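Heads up, the next two complexes both have chain A, just with different partners, chain B and then chain C.
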Partner chain A sequence: MQKSFIIKRIIYAIFIFFVVLTLNFFIPRLGVDDPAERYYPPQGNMSDIEYEIIKQVTREQYGFDVSTFKQYTNYVEGLLRFDLGTSFRTGNPKVSTLIAERLPWTLVLSVSNLVISLCIGLIFGTVAAWKRGRWQDSLLLNLSTISVALPAFFIALILSFYFGFELELFPAYTNPNMVSQFDWSWEAIKVVFFNAALPIISMSIGGIIGYSQRTRNSVIAVTNEDFVLTARAKGLSQNKVLFKHTLRNAMLPIVTAVGMSLSGLIGGAVIIEQIFNWNGMGTLFLEANNTNDYPLMMGIMLFMSTIAILANLIVELTYSLLDPRITVGEKR
Partner chain B sequence: MSDVLLGLKNLKVIFPAQQGIVRAVEGIDIDILKGECVALVGESGCGKSVTSLAIMRLLNTPPALIEVESINLGGDEITKYSENKMQDVRGKQISMIFQDAMTALNPVMTVGKQIDEVFIKHNKLSKKEARIETIKALRLVGIPEPESRAKAFPHQLSGGLRQRVLIAMAFACMPKLIIADEPTTALDVTIQAQVLEVLRNMQKSHNVSLLLITHDLSVVAHTADTVYVMYSGKIVEKAKVEDLFREPHHPYTEGLLGSIPRLSDTTKHFVQIPDSVPHPMFKPTGCYFHPRCKYATDICKEKMPPLVRLDNGREIRCYHPINFSGGENNE
Partner chain C sequence: MLKKIMSLTLVFISLFLVGCSSNEYERRDDASNTLYVGSVGASFPTSFMPWLSRDGIAPTISSMVYNTLFTYDDNTGTFVESIGKEWYYVSPEGDPILTTEGNIDYDELEAVYSGSDESYLVVKIIIHDDIFWHDGEKLTVEDIYYTFDIGTNNALSNHAGSLAWTADLQHSYSNGVMTRQGIFTYDHGANERGYNITEEEKDTVMYLHVNKVLGAITSLFSTILILPEHIWEPIVTVDNQLNSKEPTAETLYQYQHPVGSGGYKLDPENSNAQVITLVRYDEYHLKDGLDYLYKVEKIKFMLFQEQNVAIYALLKGHIDILDSTVSSNYLSLFDDREDIFVSNADGIFTQTLVINLNPATSEKNALRDLLGISDFRRAIALAINQEELVSFVLNGAGKTVSAGLLSENLTDFYNPDADILRFDLEERILEANSLLDAIVPDKDHEGYRLLAGERIKYTILGTPGEQDVISRLQVQLQKIGIEVEFKAKGSSPERTYIFNSKFDMTLQGVIFSLENADIMYRAHFVTLSQSSNYGRLTDSVLSAKINEMRLSLNLNYKYELLQEIQELIALNYYKIPLYTSNIISVARTDRYEGYIVVEGSTIFNTDTLQNLRRVEG
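Presenting the complex of A and B:
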């Protein structure tokens, strides 16, 4: 791989970062006349002039007193000092502190979801490809048809109803003390496991079926390749042919898909988190949106886009390691 | 008949399709002697490759339906072998060279590793020992700097080298029989000659039998001892290579030989057999070749001619053989 290629990709990533940051700044402000409106105290028996002064003070307090462009340059200036800004919430907590508080809880859901979806999906997809046309394969086909019509939140509602309220196997709502009382003790981990079970299951059903379908198609495509016939003609056992020749080649598109999904890990699942009252990034973002908390919204979006940009960069740069045929940045 | 290495008797392969049945191979017999090079010649779609895959028992069933009286390899009936036992035969006793070395090699595995696998499987060698053997095998087929080439991926080698890698892989365990399915078709002419030379030398020096599947008669002329000519799933003629080229008996063989362009020919246009191979689902009645045959008479349209064995070991399936001194064969 050429050095100039790596540098080019990094410069490109930085450029994208600034585009995203600009969009992040302006999009929430489109269509809102006075963003500070909801922070004005009630007028009460103040005269209009007094109230105007109060409003002005409030605007100054939240940084809305200067022109939008000045706000933008202030924001960029802060970012260059690695300062995501201060939330409008009472107590003015740092945006970075709020994100750091919520991120681990979102990762509990999203990482488990990815690991479960991928592992089960790979196994199920490979089996379906291996038993092509038999019941295992048609089961997968039917399940994927059904899963298209079953969004994750619907599954979440059903699970929450039956396993949460009716059977009481798992908590239907997240225990509100889970976060505050977490101390890495065995008991606390068990509580997290029980509370996370239903959200993770409802998120991963779609993922399992998606990865299974992808794996199945990829494996079938590779099975028809000539080199699989060569491997069989060498006298290799079916397992060797499957694992050393078929699967290694079939994995390439799956790895790309996983790389692309990495940025989704930190975004959180807004609806699932709402249903189970799980305090993750999705809920944080929703709160920020409902309160016109611009610094917090921009902070979360910027954080997510940065991870997306980094994930793409890593996938691009490491792809040649997985597939020796690909030589990035070199003309052959 | 103790010097027969592979005796294939009455092989039939059928592929059920939605609109009907494709009879790819309709009862063919092939005998391959020890150390002999047998060529199976025919146009695309006549069932050559299916025959080779059926011998290796590599056809997927379903969809294929295979019916065979006997596949005898050096005295053992391999049709009765289990899949496990068959895996010990493949690569060890019969191995295969495929047409397109680019797609026949795994793109994400070094060529050395792919040959190592054969030694690890059949000679029970460790990875290190296997690599030593692999380098020897690569050197045998004339690959320069085999130590570094073994670490190369298929796309880093030229077409000729890739084909040599496949040959090295096929000869790795010095099997009794090698089936080469159009080994030179994907190569350009100069490399073809080199690769054929390597194949021929390896075959002669290690006394391995070779079943060469091709549509290229110049390859046949240079390499084969015995030739089977196949047409639409049936053997139409079998002869020693010199006999076949000197005096072909079947009109189809005559047509094939006639369509080789010659420098001495001044007419400047290609001679060809009129029309094309019948669709395998809608074969004509009688002799399959009769719609394209200039000697065809009424009997050819009605009855499939039997395969007749002549005194000199030649076999022919035709009512009106040409270049034939013994008079017409009316059975």
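Presenting the complex of A and C:
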């Protein structure tokens, strides 16, 4: 891999980060009324002068008492110190602290979802491709059609009502003491996975079908390649042809897809978290939005954007490692 | 490779399965006197500094843990005892202004203060002498002095809310130095000022100087939750303000372990971002007032982020009450359920159609000029069929509203003469068309009226959830040849459309009550800049009446003016009433009984709490 290629991609990622950072700062402000008027409308018989004092106090409290440009430079300065600012919540907790508290819980869902979707998707997709045109393949195609019509939140509600409330196989919503009582004991870990079962299943159904389709298409494409025909002509067993030659070569687009899905790892579960009362990043963002907690909203958005930028960078670099033609193309 | 993938999958599936144990829904096996309350929201707060924690369920919790001086009864227009036992106005010399029956003598008040040079009214407050904070300390008037004093002192509390709530108190600071004293206790200069407080009364009697209007006491009495001086005074300094952006560990501890004087105490050990536990405070000073006052020993608030899930949790017995309004669409779920109590309480929130009758010069156009004509607006108001809106938009769970915009339930203050839009619909349509024929007689082939050859067409700003009502208005106004259509108002409509007059009509919810009359009437009908007066009404007669009402020291006259104001509001055809939606909420009856339906509240309300009893067995 060319050094210049890597440096270019990193510089490009840094540039994108600053664009995102700037938009992240200004876009929320486009919709913000003067917080002073929003939080404290004129009361009682106060004079205009008294009301101005109150508005000024509120602006100071929320950091709106300096020019927008100054606010922006303060924000960038803070970021250079890895300070995402303080939330408007009582006690003004650090945004980074709030994110750190919620991130692991979202990762439980999203990483489990990714692993399950990928593993089962690879199995289904390979089987469907290998049995192309037979019932396994038809089943996958039909499931794909159905999954498009059933969004994850709808599946989540159905699972919550049927498997949670009616059959009571899994918790219909998260045990409210799960987070506060978590102590890394085996019992606590079991409780987490028990409570996570329905959210993960809700999220995974679409993922499984998606990866299955990708795998199927990729495997079929590779199956028609000359080297696979050669392998077969050499008299290799079905398993060797499938695993040693076909599947390995079919993995490239799957790896790309996995990389791309990393960017949605944090923010992809907002509604699922809401349905199951799961205390993760998605619900943190909703809380910030509901309470006009702009520093928290900006912090979460920036964090998610940074993850997406990093994920894209990793995918690009990995892709060029796996497929040297990409680097060659850059060189030309 | 396939084996490895399958193994990994099996590991994950196993993790779920090993987790499988019985589901634990605490309420089912709970034989104690614990009420499980479902609350729909994003999260629960973990800090309960009552002035600062204002989001979500925080005000509910604060109002149960802390007390105000008095509470306001909107039906009678009187203050009910809480920390305060009694209050009345006194003359500047400290003489009570009371009738022989012991009520406030408003005629005398007006006589004493109208001719007085003083710029304030003097209020005497006597508090209960048996109130103790949750940590056992006695509550005295010094706590109230501390609360009001710090609320006005932005060197110690740089908090806009408290400054706003105490705006009517004539007690102020400049850079931490008191510039005017308006709170007087035994220890803070009452006797020196001429207000006689004896040694025996020193913990229970105080005087306030408030602005010279009757409404000046409202937020002081019924909004500000009283803080314990012994907790906050040692902590709060100029360098560590009450609402510091970087609170010390001790301040944070106090936020999270509130010491109040209300009927319930917070149990921090059993509270987190998803559950809040309150335990009954057995020394609560008002506990003996009623037979069943606060019989519930423990209240557990459980968070649900999704309302459908919360409703099912109630149906399945995971909670006793859902403290949330339920859409009338759900009512059929509770049919034939004898274990569910459905509260269909009258609402106090009136939906109105606001007409932009006086746009800023830059936003004027020929169509909006029509909206400035009173008869044109009357025609629109006459064509609106409130009964139909209640039936179709609210599935019958609502009420029609007077054009005077005050609830009929406020029987002493409601003015039936302001109810000028409720007569036979056919007659109304006839009159509306006749009015419009005189203004815009031409019509197109579809029956819509024309102005300079163009169809008269307006947009109504609304949220996606309000499309239903706007669609129905579209049908109703078609009968008078006026076309309206929905326009999404977006996330910041005040800035985008309303404060700069870029709209024809919009929907606006209004609540007018005796408690908020001083503030709301001025905001909705007088103030022009960036206020709730979206259509910038300028009616000098109405403005003068509202100002007179606010400044009157004679309560009886104030109420007379309120009745006149209703008529003037109705005659402007500016905020046209559409409906008041009921507040539907639900509770289970298998563990508790004695739910009380209260106007404007869900079934989880103070009256219910006073009346609830655990069902035996």
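Here is the rule we go by: the second predicted complex is superposed on the first by the 308 of 332 C-alpha atoms of A that agree within 3 Å, B and C clash if a C-alpha of one lies under 4 Å from a C-alpha of the other, contacts with A are read in each partner's own complex, and residues count from 1 in each chain.
Keep this in mind: contacts are C-beta pairs under 8 Å (C-beta built on N, C-alpha and C of every residue); 3 or more make two chains touch, one makes a residue touch a chain.
Computed from a predicted structure; not experimentally measured.
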{"item": "Superposition on chain A - do chain B and chain C clash or fit", "value": "fit"}
{"item": "First, second, both or neither for A:F227, with chain B first and chain C second", "value": "first"}
{"item": "Touched partner set for A:C119, first chain B, second chain C, both or neither", "value": "second"}
{"item": "Touched partner set for A:A172, first chain B, second chain C, both or neither", "value": "second"}
{"item": "Partner chain(s) touched by A:F194 [first = chain B, second = chain C, both, neither]", "value": "second"}
{"item": "Partner contacting more residues of chain A (chain B vs chain C)", "value": "C"}
{"item": "Which of chain B and chain C A:G235 touches, first, second, both or neither", "value": "first"}
{"item": "First, second, both or neither for A:F243, with chain B first and chain C second", "value": "second"}
{"item": "Angle at the Cα centre of chain A, taken between the Cα centres of chain B and chain C once the superposition is applied, in steps of 10 degrees", "value": "150"}
{"item": "Overlay on chain A, chain C to chain B nearest C-alpha distance, Å", "value": "17"}
{"item": "Residues of chain A at both interfaces, chain B in one complex, chain C in the other", "value": "none"}
{"item": "Chain A to chain B touching residues, read off their complex", "value": "225-227, 229-238, 240, 244-245, 248-249, 252, 322-325"}
{"item": "Chain A-touching residues of chain B, taken from the complex the two chains share", "value": "56, 58, 83-84, 87-92, 95-96, 98, 100, 103-109, 114, 117-118, 121-122, 153, 155, 166, 169"}
{"item": "List of chain C residues in touch with chain A within their complex", "value": "1-2, 5-6, 8-9, 12-13, 15-16, 18-21, 23-24, 41-43, 45, 47-49, 52-53, 55-56, 58, 154, 158-161, 163-165, 167-168, 211, 213, 215-216, 218-219, 243-247, 251-252, 255, 272-275, 302-306, 308-309, 312-313, 315-316, 491-492, 494-495, 518-519, 523, 527, 530-531, 550"}
{"item": "Interface residues, chain A side, partner chain C - complex", "value": "31-33, 36-37, 39-46, 50, 53-55, 57-58, 60-61, 86, 89-92, 112, 115-116, 119-120, 122-123, 126, 157, 160-161, 165, 168-177, 179-180, 190-197, 200, 243, 247, 273-277, 279, 283-284, 286-287, 290-291"}
